[in-house]
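Here come two complexes built around subunit A, the first alongside subunit B, the second alongside subunit C.
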Partner chain A sequence: MTGEGFLTKNISGITHTLESVIVAEDLCRAPGLLQRLDPRAKVVTFALFIVTVGLARSFWPLSAIFALILAVTAASRISMGFFLKRIFLFIPIFTLVIAIPALFVTPGSPLVTMASKVIITEQGARTAGLLFLRVTDSMSFGVLLILTTRWTSVLAALRWLRMPSLLVDILGMTYRYIFLLLHSTNSMFLARRSRTLGSFSSNENRRWLTRALGTTMVKSRHLSEDVYLAMLSRGYQGETRVLNDFKMEYRDFLWVAFALVAVSVAIWSNRL
Partner chain B sequence: MHIPDGYLSPATCGTMYAVSLPFWFVAIRKVKQVLTTRTVPILAIFAAFSFVLMMFNVPIPGGTTAHAVGATLLAIVLGPWAAVLGVSVALGIQALFFGDGGLLTFGTNCFNMAIVMPLVGYFVYKVISANSDVKSPRRTLGAVIGSYMGIIAASGVAGIELGLQPGLFHAVNGTPLYAPYGLSVAVPAMLIAHLAVAGPVEAVVSGGVVAYLQRAHPSLIKAGAVGTKEGKLWILWGTLGVLALAAPVGLLASGTAWGEWGVDELQTMGLGFIPKGLQTLYRWWPAPLPDYGFPRMGAVIGYIMSAVLGMAVIAFLVWMLGRRLVRRTSPAAQVASQQEHTG
Partner chain C sequence: MSTFDTGHVFEAKKLSYDYPGGIAALKKLSFAIGAGELVALVGANGSGKSTLLKLMDGLIFPTGGELLALGQSLSENAFKSGEFRLDFRRRVGLVFQDADVQLFSPTVWDEVTFGPLQLGISKNEVVSRGQEVLQLLGLAHLKERPPYLLSGGEKKKVSLASVLSLHPQVLLLDEPTTGLDPWSQGNLIDFLLQWADKDKCLVFSTQDLDIVEEIASRVIIIGAEHNIVADGKPEDFLSDPDLLLRTNLVHEHSHRHKDLVHRHPHVHEHHHND
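Here is the complex of A and B:
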């Protein structure tokens, strides 16, 4: 592989990650249905939905939940094309590829036969479809939560759910410093790219890459010292406090009630 | 190796959360002891580093790229418990923001990549590097082999988790409800991919970074490796790592027992006979036996309960063992025991 191709791939990968999060932060401010809901209500009901998707045993509840996801997405003023691209682009497609052999190897009653041999079994088709729908549904809820909720609100909701404050603090700071480190490594790749003429061997590229990682690690170490001292000088004593001004309103209760009914119906349908 | 939601049953996910919980608990305690108020900034920034490392595309022969996890590398530089937390946080952000790994499967992914991987990797690294000099090639070799073993162990565990699904969770007509491939497919598939591609990438990255740090910043390796606060506790970490590995094997064993139980149950359920060859067939592939309708859910719940109970017992024993070891090795305890002897 040429040096340029490998560097370009890394630069575009990192830039894409940064961009996708910035887009998400913009969407959080749009005046849509989900954006207006209390983050606690969203975190709890979405978790319920994800568990329900996990428990579902047939196509109907999974398809109905996907229809619900699309409706809620539209009501939250998220562009449908953007949303579908975001959820389908990688993992569900990967899942389909994984599920294809299952069509043929799962034992069961024949669905498609050719030359008196069972090619595709009914069970195989069902398991592939279930896997695909389940993965898509579960992913959608995670994506919707992040697209419509500010990260600080998600953290505050986690704190309200009694997640240890140490973990919540770490999560919050990690998110902040991921951007710093991504920017800094992106600059390293860009600097390298701008100095590169012609191509390098994979070996040379790997060596450069491990040195870049090593340097980033040393930088992280220094950074953590500086940040710690900065925190200390602002009076940090190992505890943080969050301003929690959440208030459940009428529409939040309405949403929770709706979610509970939807979840109960979906779970009840497992018994049919 | 990031397992998305939908591949594992909620019961498996719950079990794996329960299995990971004691490790997180111990890790938080250990890290707080050493880092005190530094815990948050150091772990946060190294979790961010771990995230960035997972984003790096490493060129591999054949023209494509792969990425490393870096759990063993983090364990070498920060110590294994800090690595457990750092990688867990990085995985959490990956799952939340990028849908890379699910939210129900988060506990499972953490067990594989943030617990098994760094603990096994660090154990092997410690065995190989022992008390060698900071710049010794033994440390580089330890990082290479340790990280390789770590990722292989993790992928094997992931293969077992995925492979258990079709046998344990299927519809009445035999349709697998979650990941469709049994152990005989899932485990080799995971292992081969990681033995051939992901393992070498992990080894090259970890070995390369450790070699660079040895040359340019030996203090970083030193701080992680020779920290007196850790003492001989690496034996305990190793034991934990091995136990962590053994846990899913236990799952596997109880899975087979469950299969045998099913056949016994056939007889008592008034079937009166077991068709010839069914017994052997059943053991290898429980799925094609849909029409006898045994009380499957009860068996699954019982199996999960016993697995959780087993894990809890193991975790408790390890914890007790750990306390004993800590008491023996910590200076305060030594002073205390000396006082006991003199007094």
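Here is the complex of A and C:
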């Protein structure tokens, strides 16, 4: 694979992955368990679960929560393969860098000895395992939320939870424009490829990539200035007002109650 | 201020605008636009049409001369008054040339309700206006769609709908037909002709001389020197190939007829008598 091919494939791969994870409109509309819940109920309970996962100190509550995640995924009519692929696509990025050294550097009793000097300690394996499970559970809640809730509803729920309007607007705009800029970057790569023969050295590729990134940054700055003017033109005064048509129903309260019980059991089990 | 009771809708007095760094975008423009007028701002690329529309929408402010809108001089100070800002934004709407700039909300519905909500219109009225413009422009089926997933023509329509929901009296359109297929262009022209009446004002920038002929009651031509080179009725200019050539609105191209090669401006000279 030439350097250029590597770059192009990476950028278009990132675009495709983001699109498939974030723009899951058909899944959001599926008649599953989570899709039917009020977004506020989902955001609040998922946040509670993530905090609980962060506080967990033993394997079993983390494993039980992951089992619950899998059950809820199935009840939400999400293909297990599709879901697991999305989770385990990101987990190595977040965990490997921290977890692998922890296997070797955490002091404790030896579990595995390699080449008579490299030792994986029992405590190291436990730390790495807990970290892996915590990240898996937390990521799963994030992915589940995005797969079963329209992004607009997530933003509206965050507004309802009194998250600062500016922050919610920034999140919304990032979602709106990230694809535009990624597609623009893809087009730059294609335009370059259409005008060149053969391959480039790594140095040339790096120089070109730097220039492309600079151009994209300048474009995004101009775009943001114009978007701001377009907002002002339609009356924006620093705080976005939105229409909210949320309605909590019986099943939402039931889900919140269930989540509270599950979280309480997990916290209680930590004390044992 | 409920109607155009202030005389002119817009009045420019030696209006100039320089970009940061001193590069001139517009030089000493003077004109007055009244209610009921359908004005085409015509000029080659980079002549300053989009900048003029942003000035007319109170998004940027003159660096020289004066621009009055609805009887008030447009300046940063004028927009500090909440009452004027609210009144101006309710009555004047700008549709940007790049639909991706205009469409910043997560869905089409959020887009068409954004303006009225920010201007403090009641929620029931906002919902009613949103539904009305979606029906009017045939966009109801796209209500929940994110702008990212729309085609170019749909984006243009949603951009227009997002401004029409303000119920503006003054509509400013930047290159409205750019990127539209002929069918969509025709639809847009029909819509604008129906929208316009004696109590409204339409100002649009374009390089498309066909749309000028079909919509405009008046043409202001901005030249490469960023000044007004002509201002009057469309028929006076569209039949003046020298002027169009001088302002880069038509090109002189070569034709081969067997062994004879000759050059002439590419301009349509047909006119309707009724």
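Structural remarks
Assume the second predicted complex is superposed on the first by the 224 of 272 C-alpha atoms of A that agree within 3 Å, B and C clash if a C-alpha of one lies under 4 Å from a C-alpha of the other, contacts with A are read in each partner's own complex, and residues count from 1 in each chain.
In this text, contacts are C-beta pairs under 8 Å (C-beta built on N, C-alpha and C of every residue); 3 or more make two chains touch, one makes a residue touch a chain.
These numbers come from a predicted model, not from an experiment.
Following the overlay on subunit A, a side-by-side fit with no clash is recorded for the pair subunit B and subunit C. In the superposed pair of complexes, A:T210 makes contact with subunit B only, with no contact to subunit C.
Residue contacts after overlaying the shared chain place A:M231 against subunit B and subunit C alike. Of the two partner chains, neither subunit B nor subunit C is touched by A:T73.
The wider contact with subunit A, measured as residues touched, comes from B rather than the other of subunit B and subunit C. Using the contact criterion defined above for the overlaid structures, shared-chain residue A:L180 touches subunit B and also reaches subunit C. By the touch criterion stated above, A:Q35 is placed in contact with neither subunit B nor subunit C. Once the two complexes are overlaid on the shared chain, A:L223 sits against subunit B and subunit C alike. Shared-chain residue A:T45: touches no atom of subunit B or subunit C. Vertex at subunit A: the C-alpha centres of subunit B and subunit C lie 90° apart in angle, rounded to steps of 10. Of the two partner chains placed by the overlay, only subunit B lies in contact with A:S109; subunit C stays clear of it.
Touch criterion met: A:L155 reaches subunit C, while subunit B stays clear of it. Taking all C-alpha atoms of subunit B against all those of subunit C in the superposed arrangement, the shortest distance found is 8 Å. Counting contacts by the rule stated earlier, residues 172-173, 175-177, 180, 223, 227, 231-232, 236-237 of subunit A appear in both its interface with subunit B and its interface with subunit C. Those residues of subunit A whose C-beta lies close enough to touch subunit C in the complex are 23, 25, 150-152, 155, 172-173, 175-177, 179-180, 223, 226-227, 229-237, 240-243. Taken in their complex, subunit C has these residues touching subunit A: 54, 57, 59-60, 85-86, 89-90, 93-94, 96, 98, 100-107, 110, 113-115, 117-120, 123, 126-127, 144, 146-149, 162-163, 166.
Across the interface of their complex, subunit B is touched by residues 1, 6, 9-10, 13-14, 17, 20-21, 24, 47, 50-51, 53-55, 57-58, 87, 90-91, 95, 99, 101-102, 105-109, 122-124, 126-128, 130-131, 133-139, 142-143, 145-146, 154, 164, 166-167, 169-178, 180-182, 185, 202, 205-207, 209-211, 213-218, 220-221, 223-224, 227-228, 231-232, 236-238 of subunit A. Residues 4-7, 9-10, 13, 28, 32, 36-49, 51-53, 55-61, 63, 65, 77, 85, 89-90, 92-93, 95-100, 102-104, 166, 171, 173-181, 185, 204-205, 207-209, 211-213, 216-217, 220, 285, 287-288 of subunit B touch subunit A in their complex.
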